[in-house]
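Submitted below is the structure of interest, expressed as structure tokens.
We call the chains A, B and C, going by the order they appear; numbering starts again at 1 in every chain.
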Amino acid sequence: MANPAKLMDNEVLMAFASYATIILSKMMFMSIATAFFRVTKKVFANPEDCESFGKGENVKKFLRTDESVERVRRAHLNDLENIVPFLGIGLLYSLSGPDLSTALLHFRIFVGSRFYHTMAYLLPLPQPNRGLAFFVGYGVTLSMAYSLLRNRFYL
Amino acid sequence: MANPAKLMDNEVLMAFASYATIILSKMMFMSIATAFFRVTKKVFANPEDCESFGKGENVKKFLRTDESVERVRRAHLNDLENIVPFLGIGLLYSLSGPDLSTALLHFRIFVGSRFYHTMAYLLPLPQPNRGLAFFVGYGVTLSMAYSLLRNRFYL
Amino acid sequence: MANPAKLMDNEVLMAFASYATIILSKMMFMSIATAFFRVTKKVFANPEDCESFGKGENVKKFLRTDESVERVRRAHLNDLENIVPFLGIGLLYSLSGPDLSTALLHFRIFVGSRFYHTMAYLLPLPQPNRGLAFFVGYGVTLSMAYSLLRNRFYL
């Protein structure tokens, strides 16, 4: 009998599951942050979203863009662009049987760098804070990709 | 011999595979919807896309934004932002050996909520239809994340 | 003892890991391309990014949009929208025990079509080059989804 729960007895995969869940939950929080800024600043993208603030012509003044909202949305999109490769490459890397301490180092640095990236984006911190956070996470993902392709290259 | 096909004998993983495939196919349909609105409304983002409608200066009038197209694109992006966490957390949750009926409940509510979200976005339905659909799917993903971290926390 | 490294002895999963890593690395390169165009064209989205070019009022002239930058960003978003379904459906398809040569054909055509899509978007090539590249990749993903649902349908 195949028992996928057994798969999760593997420590690297368990660690990946924990870090992936944490960073995805953080990314999901960006939706809430966007909604918070939209409501507090009264800035909406859809007419049906601001009907409680007014009807007809009155609605149009809420259909605009605002720098705080756009900033959160850019941070969210940057998360998506970087967390998707981490998820795909990280899962396959975890299945390729890496050393536990090396894998943990990758996962921890990536998750830390993305939290720092979001903080640097939203406060905002002066550059190169955000740029460095981006490149650290980027480097971690590429390092896992390299390790994966070196050990398991099959085209 | 390792036989990954055996992995798929597990019912939770088989169910996850079916629901994930359905919701990803739905998300892919948003590309077709965008293309449909772009062509019928003659609204394009790239000069090379509207060359069949005219040349030179004539092209510029098709390079604009349109509310119907932007609405589909926002619905598509919202799908991406919510389906990516569902995929990552849902796959790891499925491997963590949950109860089949609990897992099915999670998958079914999530997929239903995303279909309803798209319908509420595109028709559009008045709020809070779309907002509720969003939060139902969001809650399902967080519930899987909580269940995963409670059982398999490893940092 | 469960040994997930054994999972990777499976040739289809190894091939999927290689192709997924390659196409995700290509997608990550779009971030670098965006940054390159932002710096060379001096077009920024955030005030803190262009502080080295000037202070105060002077900064505002760099906060604009540029067609080259927007083109790379659209290509990047299109990658995200198409590579996410490929990752999710492709991984589950690989676990469902398909024929190796059929699976390789799917992976190779998808990866090739996305490279061609990016090239057609950035040069740009006249339509229907980009459109065809998009639909080829789209068709490959749908073909894997169909094969998965036909063999392992469970709702």
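Criterion: contacts are C-beta pairs under 8 Å (C-beta built on N, C-alpha and C of every residue); 3 or more make two chains touch, one makes a residue touch a chain.
Only a predicted model underlies this, so the values are computations on that prediction, with no experimental measurement involved.
For the pair chain A and chain C, the fraction of shared interface numbers is less than half, so the two copies use mostly different residues to meet. The angle needed to superpose chain A on chain B by their Cα atoms is 120 degrees, rounded to the nearest 5.
In whole angstrom, the spacing between the mean C-alpha positions of chain A and chain C is 16. Shown for chain A are the residues in touch with two or more other chains, namely 3, 7, 13, 77, 80, 84, 87, 91. If you check the complex, the residues on chain B that touch chain C are 1-5, 7-8, 11, 13-22, 24-25, 27-28, 30-31, 45-46, 48-49, 51-52, 76-77, 80, 83-84, 87, 91, 108.
Within the complex, the chain A residues that touch chain C are 3, 6-7, 9-10, 12-13, 70-71, 74, 77, 80-82, 84-85, 87-89, 91-92, 94-97, 121, 124-127, 130, 134, 138, 141-142, 145, 148-149, 152-155.
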